[in-house]
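Read from first to last, the chains carry the letters A, B, C, D and E; within each, the first residue is number 1.
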Amino acid sequence: MEIIAFGDHFLQKQTPKDIEEIKPYLTGDHKFWLNITETGDAELMSELAELFDIHPMAVNDIRENRQRPKTEDYNHFILIVVQMLYSNNHGLDIESEQVSIILGKNYVITFQETPFDIFDQIRVRLENPNGRMRKFGTDYFVYALIDAVVDEYYALLENITLRIEMLEDSIVSRDKQVKLSEIYHQRKYIQQIKKVIWPTRELLSVWRKSENPLIKKRTSPFINDVYEQTVEIMENLEMQRESITTLVEIFMTDISLKQNEVMKTLTIIATIFIPLTFLAGVYGMNFEFMPELSWKYGYWLTWLVFIGISIMMVFYFKRKKWF
Amino acid sequence: MEIIAFGDHFLQKQTPKDIEEIKPYLTGDHKFWLNITETGDAELMSELAELFDIHPMAVNDIRENRQRPKTEDYNHFILIVVQMLYSNNHGLDIESEQVSIILGKNYVITFQETPFDIFDQIRVRLENPNGRMRKFGTDYFVYALIDAVVDEYYALLENITLRIEMLEDSIVSRDKQVKLSEIYHQRKYIQQIKKVIWPTRELLSVWRKSENPLIKKRTSPFINDVYEQTVEIMENLEMQRESITTLVEIFMTDISLKQNEVMKTLTIIATIFIPLTFLAGVYGMNFEFMPELSWKYGYWLTWLVFIGISIMMVFYFKRKKWF
Amino acid sequence: MEIIAFGDHFLQKQTPKDIEEIKPYLTGDHKFWLNITETGDAELMSELAELFDIHPMAVNDIRENRQRPKTEDYNHFILIVVQMLYSNNHGLDIESEQVSIILGKNYVITFQETPFDIFDQIRVRLENPNGRMRKFGTDYFVYALIDAVVDEYYALLENITLRIEMLEDSIVSRDKQVKLSEIYHQRKYIQQIKKVIWPTRELLSVWRKSENPLIKKRTSPFINDVYEQTVEIMENLEMQRESITTLVEIFMTDISLKQNEVMKTLTIIATIFIPLTFLAGVYGMNFEFMPELSWKYGYWLTWLVFIGISIMMVFYFKRKKWF
Amino acid sequence: MEIIAFGDHFLQKQTPKDIEEIKPYLTGDHKFWLNITETGDAELMSELAELFDIHPMAVNDIRENRQRPKTEDYNHFILIVVQMLYSNNHGLDIESEQVSIILGKNYVITFQETPFDIFDQIRVRLENPNGRMRKFGTDYFVYALIDAVVDEYYALLENITLRIEMLEDSIVSRDKQVKLSEIYHQRKYIQQIKKVIWPTRELLSVWRKSENPLIKKRTSPFINDVYEQTVEIMENLEMQRESITTLVEIFMTDISLKQNEVMKTLTIIATIFIPLTFLAGVYGMNFEFMPELSWKYGYWLTWLVFIGISIMMVFYFKRKKWF
Amino acid sequence: MEIIAFGDHFLQKQTPKDIEEIKPYLTGDHKFWLNITETGDAELMSELAELFDIHPMAVNDIRENRQRPKTEDYNHFILIVVQMLYSNNHGLDIESEQVSIILGKNYVITFQETPFDIFDQIRVRLENPNGRMRKFGTDYFVYALIDAVVDEYYALLENITLRIEMLEDSIVSRDKQVKLSEIYHQRKYIQQIKKVIWPTRELLSVWRKSENPLIKKRTSPFINDVYEQTVEIMENLEMQRESITTLVEIFMTDISLKQNEVMKTLTIIATIFIPLTFLAGVYGMNFEFMPELSWKYGYWLTWLVFIGISIMMVFYFKRKKWF
């Protein structure tokens, strides 16, 4: 639990131990930010709910992890649930962590389970006495939080773009054996990110049109900006998804082409030698009366025939553009 | 037939034998819940319709099984038809059972054919004198019923997710022969569930915007919550459906790859031995004048040629990366 | 031409010969139903148009067959055009027949070309003096007609479902050779039905929102019901269409799998015997100096080698899980 | 340039040489139709623009060919741009010709480059003194023009339907070699027509909802009718497009099936003869000690073995349903 | 930095060195166009922002390159961000350059990084004292800019259409080996262009409905026109995308067909010679008692059998239409 009260010319940090220490802020002159990491502490949560008059359903949404990003307007406060996404396990897995935000008239409460860098970044911006963070209202503060969360999505997007390009290179150059499951793995990532970004976009769209006085007119260009960032990420993800479809198609065609090549080699070898072998078999027959066998140049003639047939075949295949 | 009357400080259960025993409740002070399992009893149904002034079309909807989930606003009451889904036959089949709910000013009537656990759960919650179930109105009661029904869908979703993951593992590891029909079976499940959840989502969307005074403002956060649950289930089903499409593609590619492998083996063996067999055939010919045959090391030279050709071929294939 | 006048306590049938006999009904106290089968009779049609003040465009719609189902509101009357669908030629073809309905204040005019069973059913229901058919207005009468038409669609839907299931069974069990064209035939049926049901659904959607006083509030639950039936049929058709897509995929995979199987057999036989044949060829060569030929057990040793190579190959294929 | 003035009891044709001759009509009592074929004449066009107060953008739209069909409301006049489609080069190509229409209070101006039959048809209808063409306003006149244009689309649709059916027959009966490019050619036609019909449909949809007094209430059933015709054409084109997709699939499967058949023949022949050839090779070996060779019935026994193996193989393939 | 002030009878160009030289224009009587190429100069940008009261978010949008095309209404000015697209590297790459436009009451500010031809074209049009550029307001000026940008898209579209047609010809005629990656390259271009055009279309759609007095009624036909151009480009891109899909399908089928052809040749050769080789092998066996061997015409009879079998086979394949 951490509380930062701030105003145009004021900044005060405290780490309150119980709910009693928070109460004075509520009636104070300054805006304040309350950051809760103990969402698992049922008692604390119910005390907070009472103090800030948080609807039981909102408390549920905060406590249950893995919620869909959403915003709920409870008139005297607005609940925002977003999902932090970060890659883990050397970029092989995508983890999500829920960040719930309550925007009140002069306070912002954030609920999280793991301390993120983005919160440090917010703390640093609060230090700047001339920054918008201090001068603008609590709605700008919430915007800054969401903006920081959305910025992290870009990193993931770049990660995926890079990996897909690497896969594409590997397939086209045939250097490295690519497994289909690797390609589909990227598709799963995209799905996971889309599942989070889509409702985030919706959430921001709701904010844009919100008429709750907690969201001031002044903040709307900023919200528009994050909104458009989510649209852009969605579009890029969609493009990457198409790239994957293309990749799968190239992959499949490559298999077909390789098989085709193998087939052609077999056909050429077999088609040339099968008739020859037959001919050799003919002169290996043990009939008593086979005039050719006693010809003086019979053997050499046979070789001429062998070579003649082979050359004809090769010409035929060349004309058919088989190799 | 079972009737439970309840209020803030009041709870009374009864199993009325005929319609006469219900009448006093209608004029009583308390909210009551009437649970009917005999929807097949035409006489009882028409008596109830008369008593509660239920529109004949609503009665039809209740009596006909396998209705699409829907809500109909008849001003003095609201009809809700939902479908309970549960897996049967060791998770191989999905069965549906219709639950019809009539929400009146101070009463809730439920119609079902099979006694479900979810109704027990409702009964237990009614025992709690401080629960919202007792304090809130009949609309909250209906919400609790729908919520319980939707919760069951999650179980099915998990079941399907698990099975699809198992199929995926089996295909990738090639441990077990997977049949395409098994994969499509899961697709059919998803279709069946979607067919129920989609209109349920619609139904809740209608409730959210309903202006009928029977649905109080206070209940709206709860309805929003179930609504979002259905959206989430839909999204997850959609993701699972895409997983299946991916699975089918991997399955198909796997067949192609296996065939490719088989082809390559055939080609390598055939391409190496066909020319050798031809050569052996040549020296099996019975021409009288074949000088090589009388060479002292002719036989051993032939073996050298055999081995030489084989090694060349293997090198050629290696360079072509065929194995 | 057939006319039935009806009221709460009144029912009178007549088959008027010309337009003059209809006129008295127009000014009479009772609702009446006029059923015209001679839509090809231009003169009659223009007399009717004048008598009932039917817009020339509406007359066109009635006379032209194979119209898209639609409803047109002409204030003093509403035109409804629906299509009866029935299967023909032992369920192999789907035929459509247009039914045009004009709903006026106290009259309903139906135009058809072929007498259908559904009209008989309406006549029977009119006999019942307590039925809604007699008591409710002309809009209920029209609802009953549309309902009867939509009910027929269910029969077609079941027919298709059955056929698709049969095809599915045949493919999976491989009992009977299924042709791809049979599968696509079902797809065409579905398309044909959808082409009719989609605008019918739209038509009913327009009726639901219609504010024309000809459609009374009281009829709306009934219209809602037919509307939902069309939605349900659409959803089922969509499901069947997906089933067909699945079926085609299974069909294609089956071809691939069969080809794979054939390939494997060829490969196994060829791969085993090609080296053996080569070896036999070697010892069939006629070199003068081939020491093995004069070994006492040379022949038997060769057989040992033959058997040895075969067994090795079989083990190799077993390990590769080729059979 | 051609001008036709008309009223209920009045019809007068003229081919004015310059703009001056048109002016009297503008102030006359009668509606008139001005048909311009010289859209390339810049001077004439600018004089017309001044006379009828046509916005420069509208003039641009008229002069530029290959515009998307559209309607623009300029208050005192409405511009409609449609595209005539006709098949050319024995039905192998589809050509389009732009027809621009300006609907004013008492005049209609049409711009075209090539004289079409549809204009003759309009002239004939104007001759009829009792026709709606004369009695109704200029908006009906424009409707009649658009209706004539849309009617031409039906001819194209039938043409395509016929060709697709022919292709289907050829593929199914395997009579004639069909090239994939022929199938895709039809797809291109459909695309071209859709590109014109889609905005035409939109254009009519705008007219339906137009509140410009130039479009009278009375004409709306007629506009509805053309609108529905475009919807129907779109639906049919969509169906034909699906037919083509189906056709491609059947085409591909046919290739697969043929290849399968070829494979099976090869496999059967090869699988039967490869072991036999091996056996013949064995008894062609020249070992000194091969007891079988001196058996009296050795040769006949070998034939028995040959026949025995062949029969076994055939039975095996029969059981596997390979032929 | 370049400034052009203009009015009906007035045109004055200047290249101001600092912000002070711009100030007089702001209070002047004439409309003026300020073109900034130094968007990287942070100080200049902040001075401009202060002078013209530009919102910090708008400044951000201008300075950040590669923004999605968009329009933002800040009441006293409107920001438009568009992307110039031009092909580079001999038409192999598509580059984009951002052009930001600020439309104020009597001024237009443009921000770019590279000098484009389109700006020269604007300068030339400003020279014409009777042109709309001078007479109409600043909103027309902005329209002219966007129109010039959109015109450039057409060039790209033509480029792509040409390349796709060339690829199509190469595949159909089989003259040149086409690589799948070349086809997909075109798909990527289309995606890139669509990514820019789609939001440009949206932007223009917003302008059409804008009620900001900065956009005058008079300009709306012009905006409609550019809007429709973007719609047309989108439709053409969509058509080209479908062409590519078709191309890929033809490409794949071509591989299948070629493989089929190769297979057939192999099968025909193998199927004819395998039985013959077997027969030759039979008469190469060394059994002591083989009556045929001592027949006088045995050898010639065998040849007759060889030829007979071959002819039968060829007839069989002909009947099966294998070649």
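Convention: contacts are C-beta pairs under 8 Å (C-beta built on N, C-alpha and C of every residue); 3 or more make two chains touch, one makes a residue touch a chain.
The shown structure was predicted, so the numbers you read here are calculated from the model rather than taken from an experiment.
The chains that touch both chain D and chain E are none; no such chain exists.
Steps from chain B to chain D, taking the shortest chain of touch contacts, total 2. We define each chain's centre as the mean of its Cα atoms; on that basis chain A and chain E are separated by 25 Å. Chain A and chain C have Cα centroids separated by 41 Å. For chain A, residues that reach two or more other chains under the stated contact definition are 256, 259, 263, 266, 270, 274, 277, 281, 284-286, 290. The cyclic arrangement of chains, read from chain D in the direction of chain E, is D, E, A, B, C.
Within the complex formed with chain A, the residues of chain E that make contact are 55, 57-58, 60-61, 68, 70, 72, 74, 174, 180-181, 184, 187, 191, 195, 248, 251-252, 255-256, 258-259, 261-263, 265-266, 269-270, 273-274, 276-277, 280-281, 283-286, 290, 292-299, 302, 306. Against chain C, in their complex, chain D makes its touches with residues 172, 221-222, 224-225, 228, 231-232, 235, 239, 242, 246, 249-250, 253, 256-257, 259-260, 263-264, 266-267, 270-271, 274-275, 277-278, 281-282, 284-290, 320-322.
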